[in-house]
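Here come two complexes built around chain A, the first alongside chain B, the second alongside chain C.
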Partner chain A sequence: MDSGKTLCSLIKAIQFQECAVFCAMQEGLKLTVEEGKCVQASAYIPADNFNEYHVRDDVDVMFKISIAVLTECLNIFGSAEESSLKMYYRCEGSPLLLVLQPQSFSNVMTDCEISTQTAESVLELRDEDTEEVAKLVLKAPAFLSLLVDMEKTCDIIEINLSPEHPNVSIVTYGMQDRSCIDMPKSSDMVQSFNCEKSVTLKYQLQHIRLIMKALAVSSKVVLRCSSNGLLLLQLKLEKEDQRQMFSEFYIVPLLDD
Partner chain B sequence: MKFRAVMIDAGPMREFTNIVSTISRLSKECILRLSPDKIYLIVSEDNSGPAPPMLWCEMPQSTFFLEYQIVGVDDEHKDIYLGIVSANLSKSLVTLKTAKCLKMKLTKKQCPCLTLEIEMPSSTSQQSRQVTHDIPVVVIPRKMWSEFHEPRVPHPDISIELPALKQLRTTIDRMKCMSPEVVIRASAEGRLTLQIKTDLAKVSTRFKDLRVEAFEGPIDHSDSETETQTMEDVSRTCYCRVDAKKFSMFLSADQISHNRTICSIVHKKLVILCLQTEENVKLQCFITGIVY
Partner chain C sequence: MKCHIPGPNVKVLGRTIHALARFGDELYLESSPDAILLRTLNAAESAYAMIKFNKVFFSYFNYNFYSTDDKEGLKCKISMKSALNAFKSPTHMDKQVENLEIKLDPESCKLIFIVKCKHGIVKTHFVSILDCKAMQAVYSKDLVHSRITCSQKIFTEALGNFQSSDDQVTIEANSNSFIIRNYIDCNIDLTKVIRTQINIKPTEFDSYVIGTETIITFTLKEFKALLGFAEALSLPLQLQFEITGKPVVFIVHNGTTFEAHFVLATSKPDTNTQASSTQNSSAVKRKRKEVHIKSNSPIKKKLHLDVDLSKYLDEDSHLFNYIDIPIEKDLNNIDELVHNKTTGSQSILHDNMECDNIIPASPTSKIKIKAIFKRCFESTFDPRSIQGLVLAENSDSE
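Up next is the complex of A and B:
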């Protein structure tokens, strides 16, 4: 890979836990982080982002790794520096090897051996049987500023989606207040809106706030709600070279009391 | 005891300010030693007690000052040693970058003071303003001078030129987050390796094609854990394990415009970092090695 910079910012965006599950597939790399059993965040780096990408297809390449160490290593020459990156992994129990070389200095290189652990299984939150009840495409920077505006002390966020006006209304409940943001589908930040019948979903605001770092580096966000209330946010990060990286957040809803 | 000095050139003023501000970030207190031909800034390690200086900076007075007069206690003791809060000195010098003239003198007010008179040009008129700073100092008695002598160091096994300090600092700062200690390894072939090892990761950054100033080999590695994976001749490399924070602190000196920085290593015992500037200022930092 010619530049590890975007990769690093993507991984930083899901860095809310110490460890991540690193998974290499034919299609690309995936790093997954879980918060309790409630939030699952993944970073996808499609294989076409790499100049060269080889995975043995007869074994599952999957291990646990410290995400903090990984980001420090990727950033070893500072965030201003573009550096080329090579990654190697031999087999279970062996460390993940990184070789970094900055583009503006030729006389220096870094190699890192990051120890790995056997991964526990990753939560399977997606349920094939439930149908999708709503899909929303929003502009990421606008959605981020909306989340920034929300009162930090609130615990609960309620998202109401309906085919009628106002199509989206977001209500937060705090200790003493209740605030509401309406967002009709004609709004600039809504790029597409799909909802057949109205739904009301409740989440912990704290969980929703975990996506803010990812929103900051992304251009577009897709919200999908399934009939069991599971919220899926897919964020797209566009790079200068037209290639894309993604991050994905599954958020489990609050149950009604 | 008398001391009076005048500085009027913009270049030295800027440099003096940068040096003092770098030192003030490294340590709360420092010793200002004035002698007939040089002025010194000396920092000892914070955990007080008789420890050799950690940072040693010497500046030839003639390149900085237009006038320089000093009278010591008597003919045998021509120097003056002053204990000073480094932040006080650096804050007073902030305005120096645009000043026309700096007068420094030792005065006796309520307590001994280093008085700085800075003449500032006015932006609106021909007249200039005069700002006076009185910085309280402690005059160090003669019997304690010996604590602030230049540390006598064993002859280094290798001296190698460091790469750009800024680049080195970003790398060290990343490493510092992962491990408190870093191993500095230098080889006679001009390679410098910074390495950390923790339970979670092993990271090494290698610089090559650096100029080797001196090499006093071969190095005796008989008592160290041998790492046979290295291809190079171990007798031509030496290393020292040091506190990553101290190393990073010295590297913040990159804002002083410097000619070159030399890293000297006494195998497993000591790292001496020496920065030299155009004006013959020498800033040396002594970091003792960590041995298990």
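Up next is the complex of A and C:
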């Protein structure tokens, strides 16, 4: 890979747990973190982001790695420096090898070895049987500014989606006050809106706030609500060379008492 | 009450709320036929701020939208936190907000802020009303003799030199000099504090009129907040003050649309320490000696304090009177507290000084605790020696 910078910022965006499950597939790399079985975040780097990409297809390449160490190694020449990156991994139990070479100096090279752990299984939150009830495509910067303006002390966020006006309404409940954000589908920040019948879903605001770091580096966000209330947010990060990286967040809803 | 505020003015209102938030925790709203008044009071009741938005500030204004019969406007108190929530980021608010509507919902007793933003987004904040009374401070302006008008820049630059630990400033003003310095509590060790003093030439001000020479001391936190407000709106600042003990009033206004008054209570500085603080050339040794002498004669000092504080009580400003319930919880209480504290710390100091002369014996363990298990330490234990009542009888024999 020519530059590890975007990769680093994407991995940092899901850094709310110490360790991530690193999974290399034929299609690309995927790093997954989980927060208390309620939130699952993944960073997905399709194989076409790499100049060269080889993964053995007969075994599962999967291990656990510390995100802090990984981001630190990727950033070893400082955030201003673009550096080319090579990653190697031999087999289960062996360390992940990173070779970084800064672009502005020709004779400098770093060789990092990060020890790995055996991966535990990853939660399968997606249920193939449930149907998708709503899909919403928003501009990430605008959605981020909405989240930033929300009161941090609120616990619960309620998302109402309906085919009638106002199509999207987000309600937060504070100590004594209630705030409501209405967004019609004609709004500039809504790029597409699909909703057959109205749904009301409640989530922990704290969980939703976890996506803010990822929103800051992304350009577009897709919200998908399934009939069991599970919220899937897919964020697209567009690089200068037209290639894309993604992050995904599964958020489990709050159930009514 | 119902009013609409156009986009550019929303930023002004946002700035106002943020400035008021640095004063008090509660916001009082009051509407009259031609204006809306926002007021706040800090917890110690030593600082008060009032901002009046005239009718022209709004694009639509109706002071009693719902009430048809009584000619009374809105009077309510809301929490500052919820007000801030509606104005999260005032810096780029004007870019996003197109229109703001404030109205009172008489049924649910909520104040509703409807913010219409770009991209067709509408944010609605339902704010609970905590109370339905108004508050007003009693202070005089326009009648006072000392007035200074200047841009806030002079003060902002001057305050930049102060330490972040300073919490009060003293202004010494007479007709040909203006000195601003940090206030030093007389109980603080003078060797450990940094004293800052800035002399501003009266010609630097836009206008400078001093009626009577005076020295006033007031809090820095609120002063900085109001300077920030004036800076954000780039408007000049007018100071009006009388003598020590009477409040100082800062006025920021832009002619017709709004007028802001910030009132700070002033207190009398301890003249002794302040005078000595101006002689900053004196050696550290000498200062130590000074402290030494002071703490060695606590009785004399106490007397002096008593006199001083009784003066405080007379001179400190009686700023605030509530309209509904007259609460005379004034600065008197605080002064009494201060009094107790100062005399208390004096005696502690005195004790410490005595300790220096006599080396105290190391503390011995308390005998009380030993006595609990006294019997354990006796040479033999004879159960027969316990006589009298059996507290817990033997359990049944098997």
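By definition in this document, the second predicted complex is superposed on the first by the 257 of 257 C-alpha atoms of A that agree within 3 Å, B and C clash if a C-alpha of one lies under 4 Å from a C-alpha of the other, contacts with A are read in each partner's own complex, and residues count from 1 in each chain.
By definition in this document, contacts are C-beta pairs under 8 Å (C-beta built on N, C-alpha and C of every residue); 3 or more make two chains touch, one makes a residue touch a chain.
Keep in mind the model is a prediction, meaning the values are calculated, not measured.
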item	value
Contacts of A:242 with chain B and chain C, given as first, second, both or neither	neither
Partner chain(s) touched by A:108 [first = chain B, second = chain C, both, neither]	first
Which superposed partner A:174 touches (first chain B, second chain C, both, neither)	second
Partner chain in contact with A:118 - chain B first, chain C second, else both or neither	neither
Contacts of A:75 with chain B and chain C, given as first, second, both or neither	first
First (chain B), second (chain C), both or neither touched by A:66	first
Parts of chain A lying in touch with chain C, wherever the complex brings them together	142, 145-146, 148-149, 151, 166, 174-184, 186-189
Chain B-touching residues of chain A, taken from the complex the two chains share	66, 68-69, 72-73, 75-78, 81, 95, 105, 107-115
Residue ranges of chain B in contact with chain A within the complex	163, 167, 170-171, 174-175, 177-178, 199-210
Sites on chain C touched by chain A in the complex	79, 81-82, 85-86, 88-89, 96, 118-128
